[in-house]
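Next come two complexes, and both contain chain A; in the first it sits with chain B, in the second with chain C.
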Partner chain A sequence: MEYMPNFKLHRPKSKDEAAQIKNESSDSLFVAGGTDMIVNVRRGIEQPHHLIDLSDIAEVKEISQDKSELVIGSGVTLNSLANSEKIKSDYPAIADAALSIAGSTHQQYGTVGGNLCLDTRCLFYNQSEWWRQSNDYCMKERGEICHVAPGGKRCFAAFSGDLAPAMLVYNAEVKIHGPNGVRQLALQDLYRNDGMNHLTLESNELIASIHLSNNLAGSPSKYEKARIRGSIDFPLAGAAVRLEKENNKIKDITVALTGVNPFPQIIKNTEAMIGMDINEKTLDLLRENVRKQAKPMKTTTVAPWYRRRVVGAIAKRLMHELSVE
Partner chain B sequence: MNEIKPTSSIGIPKPLVDGPEKVTGKARYSADFIPSDCLVGRIFRSPVSHAEIMEVDISDALSLPGVKAVITGEETDEPYGVLPIARFEYPMARDKVRYKGEPVACVAAVDVETAQKAIDLIKFKYKELPAYYTSQDAMAEGAVNLHDHRPGNVERDVDFDLGDTDNGLTEADLIMEEKYNCAEIAQVQSEPHAAIAEYDSTREFLTVHASTQVPYYGHKMLAKVLKMKESQIRMIKPFVGGGFGCRTECLNIELICALVARAAKGTVRIVASREETFITHRGRPETDVEMKIGVKNDGTITAVDFKAIQRGGAYSGYGVVTILYSGGLMFGLYDLPAVRYRGLRILTNTPPPGAMRGHGITDVRYAFENLLDKVANKLGVDPIEIRRKNLLEGPKYETLNEMFINSYGLPECLDWVEEKSGWKSRKGNLGPNRGLGIACAHYPSGASKPVNWTGEPHATIHLKLDWDASITVLTGAPEIGQGSTTMATQCAAEVLGLDMSRFQSLTSDSKLTPKDNGSYSSRVTYMVGNASIDAAKNLKNILIEAAARKLEVKPEDIECLGEVYRAGSQDEGLSFPEVVQAALEGTGTITVKGNFDTLPESWGTKKYRGGAISGSMAYAYAAQVVEVSVDPDTAEITVEKVWAAQDVGKALNPLAVEGQIEGSVWMGMGQAISEGTKYVNGLGITNNMLDYRVPTIIESPPIDVGIIESVDPHGPFGAKEAGETSLVAFIPALTNAIADAVGVRPLDLPVTSDHLLELMENYKTREAAE
Partner chain C sequence: MSDKRAKTHLHCTVNGKERDNFVADNMLLADYLREELALTGTKIGCDGGECGCCTVLIDGNPQHACLRLAATCQELEIETIEAISNQSRMSAIQRGFHEKLGTQCGFCTPGMIMAAEALLRKNPDPTIDEIRSGLAANICRCTGYIKIIESVQFAVNEMKLESTQK
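This part shows the complex of A and B:
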């Protein structure tokens, strides 16, 4: 392991205090579970002078239900999320996703907000300082070029969070806390298709909570990811599928992906499938649709064509499983 | 009255004697030694793959406050290396750098941040040279030589033809051949490399703690490189978190640490990051194998003709031995009437590989067993039967390269896996995408000729007996988690008939324990075990004589029952402490010694140059059946079950043997399906535990271990190798099972899902076309 550089650690007790410290200290970063962030700090990818630890803020650690929605605090741990009876019964893909993140010890520390804000990943980026320096860095960090697509002007680092696709299929919204107060937006608008700057958050904003409407509570869903090992690995490709059926016809379907783009992606044109019979043909239709829209690049050691192939196979498999349950 | 009996320790499952320290966290590993005033050492590593060094300007780094020393390749002009015939590596590069990450300079400073700042101030000026990352590129016409004395970048060219291979191929009814590429892999042991060097400038005395499997070789190299007398150095190996061959030679980190400690006139600690541990490497080389087997219609092998090319990295390390093992160890498993081998060890601009678990044989055995399976399918012979057809014939088990084989449990291993896996009824009847595969392997129990041939015993053990009637086992055998200290204790306890609780142990401290060559090539149980038996017998003789004196009888009348020595069954006898008292009267504390030497008959063949490599006192044998399922959509491979039988001669500690065999399966599984280092322009891109994918416990299949005991006539209580053979067998058994499951045969390693899916899709396309 690389050594930990010096920084000042802050432990605010409230969102307001956290925002205030952030405003006052330039060159600062929020950290929640730290399971990914601290690795990046040790590697010199992030070099903060101030680290603002959000783990002491009690107000963001609750899962609560009111008449219209389920509210998940951004500081809820992945372990709590995976074990929540409400999540397991009403939003099963989210529980699947939480349980599939890294290893069980990471899940004790990692948080919902942290996983949604996970930095994009690339083989040429998630390396030591010596390594990146020896490779002239890259456009995502201190360098000029992209080693994945030399000559290109875009960064293709892959979004690799597991929760986002599972929440996207339930039309989740996020409440954002900032110096100018609170704003709420659709989860998909938290992201943009840019590996260098994939979050639409301002640097002094933080996610307070995630909101899931009761309208879709209980709508059947599943999440699965392809990975080489059954633990630890980030998704090579992951898919969440939510399917409602009636008389073996598709009543409602939403599919979202991770690991194959710089942002978690909702598959387009699934509404065209509504009303179709569920059979091998429609299953294949979904598979091909997913394969067409997924755009993995060489950001991992595993071949991009394989990841595209597999993400289609996963979506098809999940749709099939949901259709026979 | 209860019958008094000696206590037995052999063949009984025993927890490891150093287990409690490990599980309670009390065990101290090299990085845990942080003496007061300890400086932090950090290494400046080359950012380029191949270059002439123009200048290493350390002036700014030296003048930074808090920096105590900065050293470069100028610090020593003495090269090091494990093989006396191939010592041309320097602790820090001198004239040239030859791989990305090669040490160029080292800083010792008061803390890690200062050390890093100093590293950033070093100005490295160089002139780049063409770099070669594959064996083919390095061997190509006109390639620049990495080392002037290795023209064509060939480190070693091995060529032998024993028997009449051309004739054997002519007589064959069927000849099959395939080409295999086996990726370079690394050990990924849990403890990254670490060293602490304390230089006492008043006495000019150096003490080094290091995470090593070979403290003795380290000791010698420290003396050579620092130009000190060996007597001025104390080498200590504390607890070590695994080795698997990556620490089977002295590493640059130990040498650099000592050099910079001397320069700083103090104590320096260097703890390598995981990435630096990958760069230090000494894993298994990338190997290209061309394998050809000729058989009769009944499956009898008439000849084997094969070639191996190893990407040897920038320096030799164990390279010459590896490429020789790859040839010599083709013998000894089956009865082969003719074998031709060409082996090329090539120098490339990548980190140097080493002697990884399953040293030399793994990749060529993989190719052979994979191809033999294909041959069996082609002939319509059962894959187990084709192996039975080619067994060595006892009792002399002669091989063309004159191996010394006195025990051969392979037939029993085959019987065991065949029965336990339900092979006869289940093979071919598992349904789609599920299959069974078999493969066999063997491995030596230590090299009969040591690296440094000075005529000294192969192993020495001291047993110290004191007035407290306890026995201390003093052994230089490096305990690296494999259980060597437990094994040495068991052997001594068994001979003396005492419970193991009478024993304590001190290991691997050059000032206290006898010299030992180290933990590698599966030598320790065989050699150190025999030395321990010898020492215990010597001690027992002393105790018997003392008891005889005390009881006023002849020594031959004394019966040793462990805790009681008596002159006859009616005699109450003397308790062990009383015998000890009698033995120490007049002489004081006793230390006895036991030795082991190999027999000249086991020193290998003189039929070709390097034929001594693969000579051993005994060979362990394994047969393995693997059951897999393959997801037809994603080509994800699940190892459903493994039946692993290994002939270990005698399981001295069945618990430890089982652990070794299970560990072998896991490690083999990594190489087979997910592990492989990757480089981008010589820069290791998988040098961390996320991108270099070692299987986790989730991937661990149920493993049925079958211990076969052929009782080797020269082994300690009949024991042989237990820690490497089963790794070798797993890999081909797995690919053979995949071929059985999906109809396509993977050749290259690792069989990753993307690679397999491609094979499966091509196969489908081909089938559709036909």
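This part shows the complex of A and C:
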């Protein structure tokens, strides 16, 4: 049985209007494509009094290029992102990631901003109202304990967006629009390590655009994820790798993960690999480094140890594929 | 009991016919189609965009009617399975599902046909991989998908034949 709360729908025509409505209406939520937010509303996870639909804001639906950067509007659909020639040629991991999100139908209306702001997910959270009620809810929503780590005091729900790791390997920045004006920050600073509240956005702010510097345009990259159903599913674990090489030596490497932490995680210490030969030993070094830093918890039906092994294997495979291309 | 839900005046086109209705802000497009317009061909199979049974075309693009609020379809053109046949003659895709046994229990069929329709309008000669990807958001628990892919291929051939006969 579904739980559809009564709410008033707002359809602003501009970012300013959206921020203003959000500021004025307490207990309100933004919704863009709705592929995840409407599900959460139907399941009673979110019970807003006001729903602010961003799909009518034309100014955030474009991908544009200027001298120094590529700017992706937050309302660009995943389908348009995946089919953009510029993204496919210059930022291939981002096109891979967009194509891997849910199913092809969802990609028609799911948006870039929505995927970046995707709520963290957990086996005990993304369930119907009666399921959660019969389990006494959980710390993230109405309940008191975390069923993943019952003795703990924090929430481990996993960040499950696919675009964020692919954008992180290109040092993406996000422009944020709020009632007090505009601010721009590194994409990694949009997130914090807290499954309860993983975004650093204020409640009345929204992402206007994503900025990718031209400096890294054309740098080879790939994204891949493990999932239960190949055609449509959230990542059990996913990795994006960007590798530049010179004479079979590593010139630059960045790796970012999703699905294994409450935030999209950039792997540390990869700069120590710069200058090394690309061979089985360095591939294994990356794999072990990724496995050590990934911290999946029992937030899906698949065991954490398996996801940790898989995410290392994906990173190694992607690095190998990039090294032989 | 009076209905105190916030409402919006919706003006849209459904299967070629203009519609004007006051719809509750929290009404899903799937419920609008089924309950208000009695277009029950669009099925609701899951509680949130996983099964694809409710796939309809909005301005030609496939979307899940269970994840779309009716009030956000202002001035848009919606097509449902009821609009696919032409003067009681089944479309090539419908004939494909009939001839190649792409339908068993039939519950996923309207969504499958709408997703296939969107695919073939954009890409009239898809490869097997393109068919798989075009129907990736639709789940069938009976056929094992092979029959559905054959149904779409049948439709592709029928449509090629029809265009050469014109």
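Going forward, the second predicted complex is superposed on the first by the 323 of 325 C-alpha atoms of A that agree within 3 Å, B and C clash if a C-alpha of one lies under 4 Å from a C-alpha of the other, contacts with A are read in each partner's own complex, and residues count from 1 in each chain.
Methods note: a residue touches a chain if its C-beta (ideal position, glycine included) is under 8 Å from a C-beta of that chain, and two chains touch if they have at least 3 such contacts.
It should be emphasised that the depicted structure is a prediction, and the values quoted were computed from it without experimental measurement.
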With both structures placed on chain A, which of the two partners, chain B or chain C, ends up touching more residues of chain A? B
So, does A:Ile232 touch the first partner chain B, the second partner chain C, both, or neither? both
Just chain B (first), just chain C (second), both, or neither: which does A:Ala313 touch? first
So, does A:Lys295 touch the first partner chain B, the second partner chain C, both, or neither? neither
Tell me which partner A:Lys86 touches in the superposition: chain B (first), chain C (second), both or neither. neither
So, does A:Asn6 touch the first partner chain B, the second partner chain C, both, or neither? both
Mind working out whether A:Ser55 is in touch with chain B, chain C, both or neither, as first, second, both or neither? second
If we overlay the two complexes on their shared chain A, which of chain B and chain C does A:Arg154 touch? Say first, second, both or neither. neither
A:Trp130 in the overlay: touching chain B, chain C, both, or neither? Say first, second, both or neither. first
So in the superposed three-chain picture, is A:Ser104 touching just chain B, just chain C, both, or none of them (first/second/both/neither)? second
Determine where on chain A the residues touched by chain B overlap those touched by chain C, and list them. 2, 5-6, 103, 128, 231-232
Enumerate the contact residues on chain B facing chain A in the complex. 45, 47-48, 100-101, 112-113, 116, 192, 273-275, 633-634, 636, 674, 678, 680, 683, 685-691, 693, 695-699, 752-754, 757-758
Write out the stretch or stretches of chain A touching chain B in their complex. 1-3, 5-6, 103, 123-124, 126-128, 130-131, 133-135, 147, 226, 228-234, 300-303, 305-306, 309-310, 313-314, 316-317
Within their complex, state which residues of chain C touch chain A. 4-6, 8, 24-26, 28, 47-50, 52, 55, 61-64, 67-69, 71-72, 74, 115, 132-138
Seen from chain A, its contact residues with chain C in the complex are 2, 4-9, 11, 34-35, 38-39, 42-43, 51, 53, 55-56, 102-106, 108-109, 128, 231-232
